[in-house]
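By written order: A, B, C and D. Residues from 1 in each chain.
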């Protein structure tokens, strides 16, 4: 069975609940934490992830904004510099396009440009992931852009346990952190302890131990990888599933060690394959495990097309348990 | 001597002149081509690249805009859909942050989302490159973001010859093309024929033939690679310099063939090394030439820091002839 | 679409008036079928219904030529139909079928149709403001006499790019009309919570000719739209039109329990007292331009037509999977 | 900076007036040295001089407490000095030295100083509008009574994010003042070519309290700034202040031949007839608040002080190369 939790837990909650709990706990702990975004208050976001927070924390700390992604992200940067800890909600990851100047030219650089004098402890939570029939402007996974930017940290949780622990760590972090949640995982259940815990940024997690092939996967692709690993087990292939959990800081060592052990690697990420996260991870592994690899690192990401609306087309754009299974089987020569 | 031109030419012009000629020729050829941007008219841009175009084409075709990068880029998208061929000028590549929604959610997707019915034949020209003492918000090379986006083409010329031919091809292309000019190259001279020619998008160019090591380089890094190659020659190492010229479409074959021939590869790009262009190119080569490589592909890009103002610090952030020379020498075991 | 009517002749133009009535009913019947498709779980994803707002799209689009441009929104079916698209290919698009306007690649939020000047719906709030402005720019450059209309919800007033392009449009004197459909809500939030100051003043501050109108009165919308369109077409610059309206359904088809953000009573008042179709029908009858029976027939005819269009869409095939890679580049 | 003065006591506040005079001269002398450093090729990169606009920064910053916040622009030396920064560390920053306010990492366009509430200059036009608004947000949340001022050139009126944050500020009633320095040009383009409509109306449309003032008259700037600041501090919401002013030099130190975009004569008129320092000095003398000799001494004293500060900056070392990797993450 995949080991999806770092600690024994006697209860299961959904990914969405894990996010909500992390926010609620941090808001209780620290009065400077607040939430800002479109339809976050009464509605609790269209995904209902924040339901109930308004009731507990009031509208001074759970603020509905106009549809002004650049404006309220910029507001968050300034608030973070001056004593608050904003958690900005960008409903669909596709809308981060509108926040790039605030995140990249402002948030990411303030600390460095000021010679370390100002800090920007903020979190931007946003979503990623296709297959919701939402078409090209509501289905992208654009996290690679932020990974490319020094000064930002980038988190992609894959389980309720990680989501909660990483979000709490992100809120406590002194830097701007971009936190990506796959929309398709909100209902995923998993064990989460009731006690306070954090998952440190920069530590990968081996979600499943295996010997024959390494599947390095991010976000919902971890679930796909685990599914593929179960299929592979049936034909006698033992797959290790490694989840970097944070794209930056990146725990290269855990990735490379697994690659060295198994000698075969597939990298899975739901962002576009080209010039995306799979390229970086594949390159890190190809370099770090150069003398141990039996085959080229294989990359599997989204097809190089805007995400189509039509269901049969959309389904063809992202890796699935089946396509990962096939790729791994081929790589293992079975 | 490096072979920096594809055709004999009896005259040398600068990179800036090559850009200007390309624009002027295409504007003469096609009355729907026009230029839009900040201070492009009387001033001819702060880099004076467009000097003289207003005089020839008038203010209906060379238009100064307010400081509204998103707005006028969006305007260009609509104009391109309805019969014009806009060439948008984004003064510093750092300001593309403000255009991401227009370029990524609109320009890149219109053709696909409309099932091929609308087209967006536009060019965005912008700049890249550090070491001008312009600090963190005026020194970035953010082309990797666009490379990651299906529907866009991305061009990075490295010589006056390529600049002219690629820009003409970009203007004639039926798709949105992002065209990056390294600010430090505007004064670079090179042979450029007076006759009409284009350089097709998607064809790499071997800028220098060599046997021992391949330097895959983009934009100004091609010049750095050529300089390093000259130094390497002095110690008996024969370096091949390959310039992909367009990041998308990407001519993988030329890159891989060179890697197979020399067995050693360094990839050079002035964008941030992490999650950037070097990752994609290194990964393509590591996969395509897997059985031929003697060493891991080495990547050299900008350091993972916002570009500092202080000259000694800034100079340390980008690859130089000397650092490339050292890396190549080490790789070749000399 | 028609060009014949002059503002002062409107009341005489029975044909035009009945045509507008038909169009409004067409939109309502179309949307009823969309809701039905959703309820029957036949439609992938979601859709945002235009029911209640029909007079806006119809009033504005009747003031346009076929060759004029529009850009539309996530709530775009009404604009699309008002500009002349045919329901069967629209339904096919909503179902992701190959026969759809965008070969199934766009879906509800991205229907586009060059034949009727529809530059496309847009799922980015305010995402098409630049595009509409650019279409007006090319109309000016190519001197083809066209005008562009940018439809957007009042939620888009929050987006800075709107002010950028209004400034550009006024500086370049572009023939573009920004039509703000104020239906009081953006998703689940009342516009008063997200909109400071005065909406019209936001446009006049940039020098635009601005007006507001009862968006439930198609004749009023048509008249003021025509004034702004004529002005723009003459080269007198951009216009801005606020249409005060209301959406009867939820933000999207899945938004059923709405009481936490808007009272049922409010919905009831709009539906019973201010319905654009019922009131227009009453007026037509009062004016003796149509009798009750013929108006009823419009409804039943269009219901039948829409059902047929749905049947077509349901029956027509999906694109082949390998078409996924086509149309990325032209 | 002072808090003692009440609006109606200004004319009696000789100390304050002389202090403002000194500050304005300090800015002018500072900038003269910057130009000198550029001419002597001692300064890396470029700088944008504030000469001619001194009354704006000084008039506004005198209305603030030290703990209040400002955000600044690419033309930021004046704001920085007016808020109380010391010239030696500023020059050091301009030269990329370790002793600079940002350890040399920021340079001219990014000087920041928490001790004086300076959130930083910004090289993105309108880049700090969000930051200033956010600082006002935290002031409101933390109830620390602070106010934030966002300085920006009239060129920033082109950027949509300004309207987004004005809307937010008004909705949340934030204590922020947006100060538009209209010096007639953005780079090489006259503002009338890029600014449609009416500037003040762009702010009042969002409900902000707006005013415009002669930016060459420090007393006038101070008075109206104080009114807006007091209002904001009381919780009455954001303000918007247009200061009409002029930059004497080019867009940056390298912009020497300017006739193609602005006439020499125009420059001449502003310099001779509307100089904020000369006119203020004349007024002080007329009012018998200072004699000519003491005012002259202010200039020579500050010139000497600035030269000393430059000497410090020139002599002090660069950061060690390995510091390049520090301060990326906190």
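Simple rule for what comes next: contacts are C-beta pairs under 8 Å (C-beta built on N, C-alpha and C of every residue); 3 or more make two chains touch, one makes a residue touch a chain.
As the structure is a computational prediction, the values presented were derived from the model and not from experiment.
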item	value
Which of A-D and B-D has more C-beta contact pairs	A-D
Chain whose Cα centroid lies at the greatest distance from that of subunit B	C
Distance between the centres, which are taken as Cα means, of subunit D and subunit C, whole angstrom	47
Centre-to-centre distance between subunit B and subunit A (centres being mean Cα positions), rounded to whole Å	31
Averaged-CA centre spacing for the pair subunit D and subunit B, given as whole angstrom	37
Euclidean distance of C-alpha centroids - subunit A vs subunit D, Å	41
Junction residues of subunit B - those touching two or more other chains	65-66, 68, 70-71, 94-95, 98, 101, 105, 112-113, 135-137, 150-151, 303-306, 308
Where subunit D touches two or more other chains at once, by residue number	102-106, 110, 122, 124, 127, 157-161, 164, 167, 171, 193-195, 328
For the subunit C and subunit D complex, residues of the former touching the latter	157-164, 166-167, 170-171, 193-198, 201-202, 204-208
Subunit C-facing residues of subunit B, complex	32, 34, 60, 63, 65-66, 68, 70-84, 86, 101-102, 105-106, 110-121, 150-151, 153, 174-175
Touch list for subunit D against partner subunit A, complex	69, 71, 100-106, 110, 112-114, 119-120, 122, 124, 127-139, 141-142, 148, 160-161, 164-165, 167-168, 171-172, 326-330
Subunit B residues touching subunit D - in the complex, by the definition given at the top	38-39, 41-43, 46, 64-68, 70-71, 94-95, 98, 132-138, 303-306, 308-313, 316-317
Of subunit B, residues touching subunit A in the complex	94-98, 100-101, 104-105, 108-109, 112-113, 135-137, 142, 144-145, 147-151, 247-248, 271-272, 274-280, 282-283, 286-288, 290, 293, 295-299, 303-306, 308
